[in-house]
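Questions regarding the structure given below will be posed in turn.
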C-alpha cells in the first residue's frame, strides 16, 4: 500500500509522544517518593526504555503481532526481520511498517513502567530488571496479542480496546497488585508518613503524561483522520472531567482540593478514556472521565483497608480506571462515531458489555496469576531476593542500588 | 470537504503543543513564586485545563464560534452537539471539525491561565475557580467571537490577529490589571523581597512554552502549508530577537544579563509575534521581537511606579507585548506573504493600523470593565472574599488552600 | 514543487522537536553542575537559541546552504532574502522553503550549545557570547556546507551523514576539546568532588533530548516516509542499546548501574546513530548503539588520564560517539534501506569507510584548529579574558555573571 | 562573651537583622530549622490520606556578643521578632569560653 | 535551664518527639545536618569516577528544659533514638544562662 | 568536655575535616547556614528590580572534644579554614556538661 505522508507524520509524532510519556511517568512517580529513593524510581522507568525496546525488537513485537494465532504470535518478526517492509497480518494501513512497529514499541515500554509506582522504595534494581524482561515475554506479549492483534481471541470475540485500557492499564494494574502482595509493605507503612519530596516534579510529570496521551489515544487511530480527532477531543474532555470529579470528591470528603488530586484525577480520566477514545462521542467522554475520577478517588483508600502497600496507587488509579473505562465502553460505545458495535445506551444491547466484562476478567486472571508466579520464582531464585535489606531501605535506593545521590550540595 | 491527512496531523499536533503550554506556564510561574506558594500557582493553572475544557465543550465554544452574529455566537454547538461533524460557519477546511474545536479549546485553556501570574500568592482557590468560569463566559467567549469568528465585528472590519495577540494576550493582560486592582498587593510588597524559589523550573517552563508556541502560531495557519512554515520561522526569530533585546537593555541599564531576562525577553517576543505570525515576512519578525523585548523590559517597572502588584509581570509582558505586536502588524503586514492587507510600511496605507488600534482599544475597554465587574461582584458575594487571610498569606497557599507542601523532607 | 502537507507537517514538527532539545540539553547539563552554577549553564544554552537564530537568519544559513561552492556557501539568503520562496540549490522537496530553513536552524542552535557542557563553571558569559557568534560563522557554517549542502566537498566525495554525526557531534565535540585546552581546568579539579546538584533535572533533560531526537534523526528524512520511519526506529533502538551497554560496562567495572549512566549511555547511542539513522536497518542500530555506549563509558575516563577538564563529558560522549557512529556507518550502511552506498559488511567494499574516515579527519582537523584560534584570540582580545576570576569561580557563575540565585529561600 | 540564640518565624529574619544593625551588631548566622511547640501544626493530605505535620518552618539565629551587650541584643531581637501570636519562638543565652576570628586568628572580643 | 542537643538518624525524629511528649516536654527545634563519625560513609559514582562521601544525613534536635528534667529528657531521647547500630548519634547538655519567650517576653522557666 | 563550633566558607569543609582527622578527632556535625557579617553580600536582580542579599552561604561545624584537645582542635580548624579573605568566619568554644553516645548509652569522654 502506498504510504500516505499525513498518516505517517501523525503516527511518527504519536510514537514520539508516547515515548515521552515514560520520562513523564518517571517524574510523576519520582516526585512522589522521598528524596532518597527518587533515582531508584527514575531508573526503573528509564531502564524500561532500554530493556523493553531491545526485547521488543528481538522478540516481543513478533510474539505480540506476528502470525494469526489466537493466543500468541510467532517469530516472523524476531530479530527485526521484515519489520521495515511488512505490516503484521490483519493490518492494512498506508504507513511504513517500521512506523507501526515503533509506535507499538512505545506502549510496550510504558506498560511495565506503570508498575514501578506500586513497588516504590523497596525493590532491588536487579530484581526489577529480571522481572521486567520476564513480564514482557510472559504477560505483555500474550495479552497484547489477544487484544491488539486482529487474530487474538478477545479481538475475535468482539472485545474493544481502542488504545490499551485492557492491555496497558488493567494489565499493569493487576500485575502491580500481584507484585506488591509478594513484595510486602515498606517498613513503617502505613504508620510512618512518606510524603512526596517534590510535588512540582509530579505536576511536571502530569503535564508530560497528558501531552503524550494525545499520541497514545489519538495516535491509536493509526491515521490522521476524523477518528483521531474524536479520540483527541475525548482524551482532553475525560482528563478534565476526571480532574474535576476527583477535586469535588476530596473537597466534599476532606475539605481541600489538592494539587496532587488534580493530577491524579486527570490521570484517572485519561486511563478510563483510553479504551473508549475512538469509540464514543458527544458528552460520553465527560461521563467516563468523571466516573473514573470519582471511582479512583475512593479506590486509592482500599489499600489502607486491605493492607497492601500500593505505594503510589497504581492499583487505585490504573487498575480501577482501566476497568471503569473498559466496562463503560460497553455502555457508551457509539458505532456512529466509529467502531463495529454500539454499547448498551445507544444500541440497547448487552452484547458488547458482556464481551468487555469477559475481556477484563480474562486479563485480570491471566496477568495476576502469571505475574504472581514470576515474582514467586524470582524471589526464590535470585540470590538477593526481590527486596533490598532493611538497612538499605532506610538508607534509600539511590545510594544503595545506584551509588548516587539525587541532590548534592557542596559538602561531601 | 474531504479530510486532508497532512493538515489534520498538523492541527492535532498543534493542539497537543498548545495544551502543553499550560503546564509549561504553570512551571514558568511556579518557579518564580516562593516555595510556600508554588502548588497554589500550579493548581490555578492545571485547574484551567480541567474547568475550561469542560466549559468549552458545554457552552463556550458555541458562544465563541457558533452562528454568524457580530457580537457573540449561539448555542448550536453547546453540549458537544455537532462538534464532530460540522465546522463553525465561515470555516472551510479539510480537517475534522473535532480537531478544529480541540485546537481552539487549548487557546481557551491557556488564556485565563496567563492571569494567574499577576495574582500570585494571595487569591483564594475557590475565588479563582469562580472567577475562571465567569471570565470564560463573559469575557473570553465574546472577545474570541469578535476576532476569531469570521462574522465577529472586529474580524468584519478587517482587524487581523493571526494567533491571538488580541484574544489571548491583550485580553488576558488587561484582565490581569483589573484583577490586581481589585485584589490589592501582597503583604509587604514592594519592600519585602520575594525572590523566585527555583529559576530552573522557570527556565524549564520557558522551554515548554517556546516549544508549544510553534503549535500556537504555526498551527493557526490551520494547515500544513507555506503560511504555517512562515509563521513557524517568524515565531523563532521573534523569540530570539526578544531575548537579545531584553538582555541588551538590562546589560546596559543594570550591568548584568540575567537568565530570567533571557526567558522574559523570549516570551515578550513570542507574545508580540503572535498576532503577526502568518502576516509578515523577511526581517520583520526580528524587528517585532526586538521592539517587544525592549518595550517589555521597561514596562515591567511600571508596577513600581504606579504601585499595582502585578506579581509576575503579566501586564508588563502580555499586555504590553500584545499591544506592541497588534499595532506593529499595522506597520509590517505583508500581503505578499499572506493575508488581505499590507501594513503602513509595505502598502503605504494607514487603514490596517487604524483597525488594529480600534481592535486593541475595544479589547482593552471591554475586558477591563467586565473583568473588573466580575471581581467586584465576587469580592462581595463570596463568603470568604477574593483573598486569603493575612495569616494564610504568611503561611502560604500550598498549606492553607490545598493542605499540601510542595517539598517535604523526612521530618514531619 | 507543490507543497505536500504530510511532509510539511512532519518537517515542522521535527523542527519544533529539535528546538525543544536545547532546553533539554540545558537541563541535562544544568542538573550536573553545582547549584551555584546552574543558571550560568542554562543561560549559555538559552542564549544560543537567541543569538544563533538571529545569526542564522542574517547570514549563517546562507553561508551553509547558499550557492554551489565546494567549501562555503554565499550570501543569496542573507538577511532572510528568498528564504520564504526558494529552497537551497540541490534540494528538491515538496515542502515550504521556510520550513527547511527553520528545521536546519534548530541544528545550528544546538550544536554550539553542546560545547557548554565541557566549559561548565568557569567561562565568562561575555566571552561565551563572543565565542558563540564567531564559532557559528567560522566553524559551523563551513563544516555544515561541506557535508549538508549537496555541493560541499565532503558530500560530493560521497561521505554520508544522515542527521549530523559529523556536523553536529564530531564538530562540537572536538571544538569542546579545543576550548577546554585553552580555558584550563576548574579550580580544584579533579581532586575536589563536584557532584551533580540535581540528577532529576538531568534525567528530565535526558527525556527531552531523547524525545527531540526523533525530530533530529527521523526529521532528517525531510519527508514523512519509510526512511523517516526507519530512522525513527533506529533512533530508539540505538538509544536503548547504548543505555544497556553503558550500564553493563559500569556494573561490571564498578559494581553499580547508575541513573546517570543510563542517561549517558542513551545519549551516547543517540549520538552514534545520528549519522547512520536513515542508512542502516535490521539489527544494525543495536550494534551501533551498544558499541557507542561501551566506547563512551570508557572514553569519559580519558580526561582523568590526560588531565583536561571536560566537565560534563562532551568529548567523551559527543566526540567519541560521533566518531564511532560516523565510522560504523562505513561498515553497516545498507543501500537496500536507503542511501547511495553499502558499507563494508553488506557491500564488501571499503570505499564508504574510507570516505567516512576522511570526513571525520577533515572535521576534526578544521574544527579543532579554528576553534582553538578563536579561543586564543578572544583570550587575548577580550578585556576580561575567557575565564571568571578565582573568587567569582568560587562564588559561582549565577551570582557573579547574572546577579541571580537559582534557588532562593525566604531569607535574603 | 555570650552566644544569643533565637528561634523565630522565618519572615522575621530581616526585622531581626535590622534591629541588630541598629545596635551596631554586624554579624549573625542563620539557619532554617523546623520547630515543634505550642503552636499547632497543620494537616497535609497525600492522595486522600491525612497526616499531621507537627513541625513548622522556623529560623535559628545565632549572635555572638560581648557580655555588656547581651541584654540589649536579646531584647532587641525579641522586640523585632514579636508578632504576638503563638509560635513566635524563643531566645536564649549561653556562655562562650573562647572566640576566634578565622581570617586573622584574633581571639576574644577582638574577634567579634 | 539547660539545652539538650542530640544528633540522631533522621527517621528517629518522630520517635524522639513522641518520647518527649510523654514527658510533657512540648517543644523542640530540629534541623537537618550532615554527620561524620565512626559510621562509614558510602561511595558515590559520577560518570565512572568514584567519590567517598563521608557525611551522612542526620538530624539535630535541641530541647530547652529546666534543670530538674535534664536527665530524664536526655535519657528519653537516647532510648527513643537508639537502633543499636553504629551512627546512632550523640546527646549533650549545655548550660543556658537566660531564656525568653518571644511572644510574651517572659523569662526563665516561665518561658518554656 | 567542650563543644567547638565554627562558621566557615562552604568549600573549606573538607579541609577542616582532613585537619581534624589528622588530630584523630573522628567526628563532626555540619550544617548549611547563612552568614551575615563584614563580608559584603551581593545584589540580585529579579525582572529589573534589584535586591541586596546580605546573607552568604556558610557552613557550621560542631565538634565535641575533651578538654585537653580544645585548643589544638580550634587551632587546626582555624588554620584549615583560613583563606585570609574577609568572611572566613568564626570559631568558638562552649562548655558541655554532659555527653552521651546514643548507641551504647556511654557517658562522658567515653562517648566521644
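We call the chains A, B, C, D, E and F, going by the order they appear; numbering starts again at 1 in every chain.
Basically, a residue touches a chain if its C-beta (ideal position, glycine included) is under 8 Å from a C-beta of that chain, and two chains touch if they have at least 3 such contacts.
All of these numbers come straight from a predicted model, not from anything done at the bench.
**Student:** So which chains count as neighbours of both subunit A and subunit D?
**Tutor:** B, C, E, F
**Student:** For the chain pairs B-E and A-E, which is connected through the larger number of C-beta pairs in contact?
**Tutor:** Output for the comparison: A-E.
**Student:** Just curious, how far off is subunit D from subunit B if you go by their C-alpha centres, in Å?
**Tutor:** 44
**Student:** Taking each chain's centre as the mean of its CA atoms, how far is subunit B from subunit C in angstrom?
**Tutor:** Roughly 33 Å, centre to centre.
**Student:** Suppose each chain is reduced to the average of its Cα coordinates; what separation in Å results between subunit B and subunit F?
**Tutor:** So the centroids are 50 Å from each other.
**Student:** Centroid from C-alpha atoms only, then distance subunit D to subunit F, rounded to Å. What do you get?
**Tutor:** So the centroids are 17 Å from each other.
**Student:** Provide the list of subunit F residues touching at least two other chains, using ranges where the numbers run on.
**Tutor:** In subunit F, residues 11, 14, 30-32, 34, 44-46, 50-51, 53-55, 85, 94-95 touch at least two other chains, as defined above.
**Student:** Send over the residues of subunit A in touch with two or more other chains.
**Tutor:** 4-7, 9-10, 13, 193, 195-196, 198, 204, 208, 254, 256, 258, 260, 402-405, 408-412
**Student:** Looking at which chains touch, is this a line, ring, star, complete or other?
**Tutor:** Complete.
**Student:** Which bits of subunit A are touching subunit C when the two form their complex?
**Tutor:** Those in contact with subunit C are residues 3-10, 12-13, 15-16, 19-20, 22-24, 26-27, 30, 38-39, 42-43, 46-47, 49-54, 57, 79-81, 83-84, 95-99, 101-102, 105, 125, 198, 201, 204, 208, 398, 401-410, 412.
**Student:** Under the definition above, what is the set of subunit E residues touching subunit B in their complex?
**Tutor:** Contacts found on subunit E: 10-11, 13-14, 30, 32, 59.
**Student:** Going by the contact rule set out above, which residues of subunit E touch subunit D in the complex?
**Tutor:** 1, 3, 17, 26-31, 64, 94-103, 105, 111
**Student:** Quick one: which bits of subunit B touch subunit C in the complex? Just the residue numbers, please.
**Tutor:** Touching subunit C: residues 4-7, 9-10, 13, 17, 34-36, 193, 195-200, 203-204, 206-208, 210-211, 214-215, 218, 223-226, 228-230, 232-233, 236-237, 239-241, 243-244, 247, 254-260, 262-263, 265-266, 281-283, 286, 337 of subunit B.
**Student:** For the complex, which residues does subunit C have touching subunit D?
**Tutor:** 409-412
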